[in-house]
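You will see chain A twice below: alongside chain B first, and alongside chain C after that.
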Partner chain A sequence: MSGHVKNMCPQLTISQAARTLLSLLLVAAIDSVSAAVVCRKQPCGSSLQRSLKLTKLIHKESVDLLKTYKVSQGDMSELFCQMSINNVPDPNISGLDPSERMLSIYSHCKAFLPHLKRVTEQQTDLQPPSSSLLSKLSTAHNRTNGLANQINCIYQTLFPNLPIPPEPVDGPTSVPPSQNVFQQKVYGCVVLKRFKEFLSRVTRELRTLKSQVCTRRTTFADTNALF
Partner chain B sequence: MPSLFFCILLLGLRVTESQASGLATPQQVRLDADKETQKLSVTWEDSHASAFDVEILRTELMEIVLNETVGVTEDQSTGKHQWNWTSPVPLECTSLSVKVRSRDGQDVSEWSSQQILPGLDLPDNTDSQMYPEGKTVPVGSNMTFCCIVEEGQQFGSLWYKDTLVKVNMLSRRTYATTMTNQGPSNPSGTNVVCSNEKKMIIAGAVVFVGYPPLPSDLVCETHDLISVDCQWSKGRDTYLFGMTRQTYYTLNGRNCPKARNSNMRCGLEQWEGNWTLVARNLLGEFRLTDAAELGHRVRPVAPVNLTTPEVYSWNASVGWLWKYNGYERLSLICQVQRTSHLNSSTQTYTGYGLNTVVLKDLQPDEKYSVKVRCGSQKNFWKWGEWSLPLSFQTKMDRPVAPDIWLWMDSDNLGRVLWKPLTKSESHGQISGYEVILWSPEENSQQTLTLHQSVFSLPINVTDRGSKVTVTVTARNPAGVSLPANVVIPRHLPDAEDTTISRVAFNGSGFPLSWVAHANASCGYVVDWYNTSCTQDCNVEWTRVAADNTNTMVQSGNFFAGVRYTFSLYACSSESTVLLERWHGYMQELVPSRTVPRLSPNQEGSDVQLTWDQIPLEHQRGFILGYTVYLTNASHLTLLANITDPQLTNHTVRNLVLGSYKFTVKAYTAAGEDGGATVSISLEPYTYWLIMEILVALGAMTCLLIVITIACYRKRKWVKKAFYPEIPEPKLPGEWGITQGTLDVKPSPHSMVHIVEDSVWDSSKEALVTVPEEDEEGTGDEAADTDEPTSLRYYNQVVEEGSSSQRRPHASDSSASSTGSMDSGHTDVTYTGIQTSACSLAPMAHFQPQPDASQCVGGGSYRPQMQSASCPEEPQTGPEEHLQPPVGSFGGYQPQCSWKQDSPEADGEGGGLDQACLGSPTSVTSSQFLLPYDTSEEGKEHPSSASTWFHNLLTGKP
Partner chain C sequence: MLSLFFLILYIPAVMSSSSQMAGILPQDPALPIGSTLTATCSVSPDLGLHASSLFWSLNGRRLPSSSYSVLSPTALSVTLPGLPASRQRSGDNLVCHNHGGHVLAGSCLYIGMPPVKPVNLTCWSRNTKDLTCRWAPGGQGETFIKTKYTLKYKLRWYGRERECEELNAAQPYSCYIPRDLALFTPYEIWVEATNQLGSATSDVITLDILDVVTTDPPSGVSVSRVGDLEDHLSIRWESPPALKDFLFQAKYQIRYRLEDISDWKVMDDVGNQTSCRLAGLRPGTVYFVQVRCNPVGIYGSRRAGIWSEWSHPTAASTPHSERVLSGSCDSKSGDSNSTLRRELKQFFGWVRNHAYGCGGMSIKLYDQWRVWMQKSHKTRNQVLQGDKS
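Now for the complex of A and B:
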């Protein structure tokens, strides 16, 4: 790219550092543009369908994850999830119109990520390295991150004029401070339970959004095509 | 609630002040708590005593936890007394009050001011809590847990793992339990939870129960002759996981971060000679040591980059590289393990910096896999790791000579057989076989090239007039094998004379032994085949060295229940000689079928059972004999056990008449077969039956002859006894007839009316019988044949001349009757005169008119046969019966008075003859009135028979 620039402007003298900086900027710009293109190239139904499948997968895995978690926590762990813990994201999706609800899904995904990471860290100290719980927690974290990116992409595609706020719209839910071991067990159980409930709601929400938003956009597109 | 607590504190202070003595009261009592270790440190000043009373109470309930006298010396540097106490109950559970007083023997000072260690169950701390939390304790330890209930809630229960435990109340909100001898917990710890009255968990704690580390077997060695690598065994499981609870290791004070899980090893960069391993976790530590010189702990690394610089048919060289240059000066001992599809073997090589070896005794065209490991030859310590395997294939070589044999399918036809070459014999892919038939006497040679899958060649012995040598060679891409020869002699010895014995399978094979033969110059050959095979049999053979007189015949083709024939041949350069034969079964089974053609033969009261031998292929064992059973339903009764297998019949003797079922079973060493069953029903002997009949007939004949002779000789007596002479009647007057006196009485039922005949009016009056019934009824009866027939006899008045003319065979009685007719007007009444209807036939015969039926007679009297004569009668008016035509019906008609017995009497005239069996007998005459038939035979036979009999009785010839 720098050569290309140099060929176009052979008379200019550009220092090596400036050329490197220019190259980085160009690559970053291309990346951002290509990402946006990828989001916009996806048909409405296809993007939502892909996200819906991913959500179903994560939800299915979250059910298994919660079972594994309870088994790994010892006796009476079935009752741990019934205890109340603060600062765990609420599974409910807020918002009135589709854009707000999409944004709520995105922010919830982002909000659950640090909690999943914290639970993974805590359980790493409580489980043998070969425990399947650790791998499942790690998988759930990674898939949720991917789901958040997909939701972000769909949001940009469907609502290109609406910016995504940097902070979750439902307010930050910081990970809890230091906890004792029992609190860690209870915390992890509550996080995974709400995570499962959230994914269930996301599944329903994406299904609804797919039928509402995509149909409306298709109608608009057809109308525009007629004129 | 705070006010109540304050009152309790004031009350404690008041009690303390009430005690006073000369000893100084401890001042500035101070409590320092280490809640993690549950240790309470009590310090005080201004007291020179060395003994103190310490009292600890649970502040809220004022329960004494501790009250004892302890010796505490003053710390000279600080001037303070310090006493430590470890509480069995977590210090967070509830508030503790501590007070101290000095003691000197029995003298005590006043109690110090009460110091309170506040617990976490104070009212301002409203949350539910459980203590201790996250502690790590050794297995078997005792531990007290307390649950502080949230303000406003009621305590429910306390659970350790999944066990509900009993609790003690420590304060208003605190309940505690003590667990003793705790077992190891799972990786995430043991849960202890507390629930409220609604059985909802309100608090919980986790305790980790495990063991301190206990490693063993620390061993340090070097691989590169510089650094050290130490390994040890993890030992007992600690049951503790996680960053804080896991076991950490240090070697000579340096951490071993890679010592995790089961990989218990740690390395140092330099050889130090002495090593100390410390294993440490929250519950303790353990030390291991090791010491050694470097030269005694050399364990070479695995060779790398194995290659085969040279590969031949029977040997190859293998080389490798060493990772460290120091090995060049190290005396090494190396093992090379080579593996082929045949076997696996290991060879050892030595040398300084050894990096190449030559492998010998390889097989041509064989794939080998080799791997190498080495050790220090001097002060050998341990073998190093095996290298990665290297595979190579040796080159091909010409095959070995095939093993050939001559097998005679019959006297004239044989086959030259050779065994397929095995992988180790072929030395490469066999491309074919070459067979040369060479007759040195005829100097002829025939060469055949056969496919690689052909292993036999048919030979016709009779076509050849001289000895033939057969040479077989195998060919592969590397060359041709050495030839294998077999000689076909001009004359084959007769094998029938060879004795055959039996050989038993001993689990691994058939052991055969024989007497050494002088002509076995090239050893012996034992061949075997399925005895029941007739064509293209699979023949196997094995060769035995000349100095051996026994062998164990083994094959993977032996099957149970199959008879094999083993033949021993002595091999010489000229020919082979059959020496001995054996029969044997790998495993004898019961016969697979029953004896064929089982049949019974009755011989009087004996039954001989015969059957055939079971075919050889179905015997499946040596037939030891047969058992004969008598079968009753499902029950078998042994009749005989025939131990001679050649005997195939058996006679069951002395059987009574009836049905029998016999079962014959052949048996081998394995047992009996299913049994063939045959049934026989014993019947009387036919010839005897015929004889008995003949004897009976003969006896009867003799008896009749004797009776006849006797009767003949005594005929007069017999005649007198059975046929006495009837005196002739002596008739007065002018009776023209000398015989035929008829003395009858009038029938009470018949009336004879003398009527005048219009035709014969001038001469005589006719006798006419009048039936008892109405004449109209007579006509009806003639029409209805179902009515019981009542024969009525109508005597007929005829002229004497005509009577004698038309009835030449009339009986005497008829004659007498006729004679009586001559009297004309004589009043004669016939009663009970019986005659047959056949007498009507002559009458019908001489009645010319066609309408004159048998019932309607002529002009004379005749017997009246209503039922017998009327069926053929055409229907006529009753007047014809009542008033017969004048002139054709004259005279009286005697009435047939007996009743016809046989229904056949309703038939024709012939039937009437039979119906009239029995002679009408004159009441006054003893002579029989025999009926006569209308036919010629009927006319003659009775008369002839009666005549003969009469002549017999009368002695006339």
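Now for the complex of A and C:
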């Protein structure tokens, strides 16, 4: 390879070619890393504390989001939100031990994202451009994505030997196909109502996890230090 | 009884496959204000409901059964005369319920008006690089249903019609064309408004970009005192940097006001200088000053351009009068009578110079000053008359 380079471009030295190759490899490496979640090892308590704070923020905003949503759909929207629709994630966190429950939080966060996105798209057509609903929906989507990444990191740190299942295929197959406007109004309300309830459960869950998992680890580390 | 119980459990799940269980026609119609609408709710026979047991609601209010009509055992219609404008942009909710109040199906009504011809279309270019246009919706300004406004433009004598794409969510009746604009050739520009009930087009305006040029406000505006002159301020600024490459003449306008008065005084005849001196101002007072620029005769166009925005206000204060001693015979600051204040200042100045301080302050001293003032007036007038001869 280097000999060939020499023949073709006599002025291009080997070091220059190597440098170019190295930069290309470096760019490729950075690109691949940024595609995955980059986790920095943090103390257990402070990571979970941060996620708890973020969850509380998203939950508080979700209360206002649901209120804003209902107002912009017109009267009668209270009834809409009580209807049951298939394929919208349920707000319950499942699992028996901390790792399962943390994984459940993570996958639920990911599951809500395409639905939030779909509601945003639908409401973009239904609301005037100045409506605050659209920006609130967008914020909820971004923050939930951030929370999912944080939980992912904490999970990898706490349970390094447990694999995270590949991202749930929550693509277009699980958001409803095209709906008439009334169905869209109902769908949006059900999504946001369940989203709000989910976040309330996550808040409680993270508090429990923090006391369960971080205390246990501290005890384990102390025990180790004795030997 | 048991079947009724199952029905109540079953009905909330109806919406998951509402297209099969119940439906309303027409679905999401758009109608002019004042129209009459007849809608029909059809339920699947599998639900086991009779049409006479259903009821309708519009925007949360139950509709009177006098407006209903049973078309068949599984179809109930409602007639809505004289529909008012939609309450919200997402549509009015017309809902079909079972006797228990549960929602079976819904349809969203869009009641509004076709768009009226948009008016007051004006455009301006910033430094000949781009074009921003603004218009008003015409009529009462509200159609009550989603209306799309598209700004279109084309070169007058050739070229294809193009659409402005950069709409501003914050300013719904404006659009921005960022680049690729031709100079020295007229454009035809208009706005088309469209909604589900119709469309309307504004009048076409014709303009050459060079005729509607505005620029940035002058930069580096500074206001400073002129030595000790208590009623002068000097203003300096720089011509807007963006136009330094163009052949143009800028003309400027200055406006200034006292700190606590909201009325501005405008100086029109500043010409194309980049400095100006204000005179006849009040001593010891804070003034706010702003400058703006008009690009005249860009690339040889004879027309004036469009005035820029005013520069950010710059403040400066005129010096206090030198004749007033501080701490000895100063009158109280904040004295609202300015004539009295001026007289007092002059009196104190005379006292300092002629009576060697304020030790022997008395009304006699004041009278002496008055006499002195009259005498010196006479002398001054004589001198002037002498000069004239």
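To be clear about the criterion, the second predicted complex is superposed on the first by the 180 of 227 C-alpha atoms of A that agree within 3 Å, B and C clash if a C-alpha of one lies under 4 Å from a C-alpha of the other, contacts with A are read in each partner's own complex, and residues count from 1 in each chain.
By our rule, a contact is a pair of C-beta atoms (placed from the backbone, for glycine too) under 8 Å apart; a residue touches a chain by one contact, two chains touch by 3 or more.
The shown structure was predicted, so the numbers you read here are calculated from the model rather than taken from an experiment.
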Side-by-side fit of chain B and chain C on chain A, or clash: clash
Touching partner for A:Leu79 - first (chain B), second (chain C), both, neither: both
Partner chain(s) touched by A:Leu162 [first = chain B, second = chain C, both, neither]: neither
Which superposed partner A:Pro129 touches (first chain B, second chain C, both, neither): both
Partner chain in contact with A:Leu57 - chain B first, chain C second, else both or neither: neither
Contacts of A:Lys185 with chain B and chain C, given as first, second, both or neither: both
Clash with chain C (superposed arrangement) - responsible stretch of chain B out of 6-14, 24-32 or 276-284: 276-284
Footprint overlap on chain A, comparing chain B with chain C: 72-77, 79-80, 82-83, 123, 125-131, 180-182, 185-186
Touch list for chain A against partner chain B, complex: 72-77, 79-80, 82-83, 123-131, 180-182, 185-186
Interface residues, chain A side, partner chain C - complex: 72-77, 79-80, 82-86, 123, 125-131, 180-183, 185-186
Residue numbers on chain B that touch chain A, as the complex places them: 130, 133-134, 159, 161-162, 185-191, 193, 200-201, 203-206, 241-244, 260-261
Footprint of chain A on chain C - complex, ascending: 12-16, 18, 24, 27-28, 57, 59-61, 87-93, 95, 101, 103, 105-108, 146, 169-170, 172
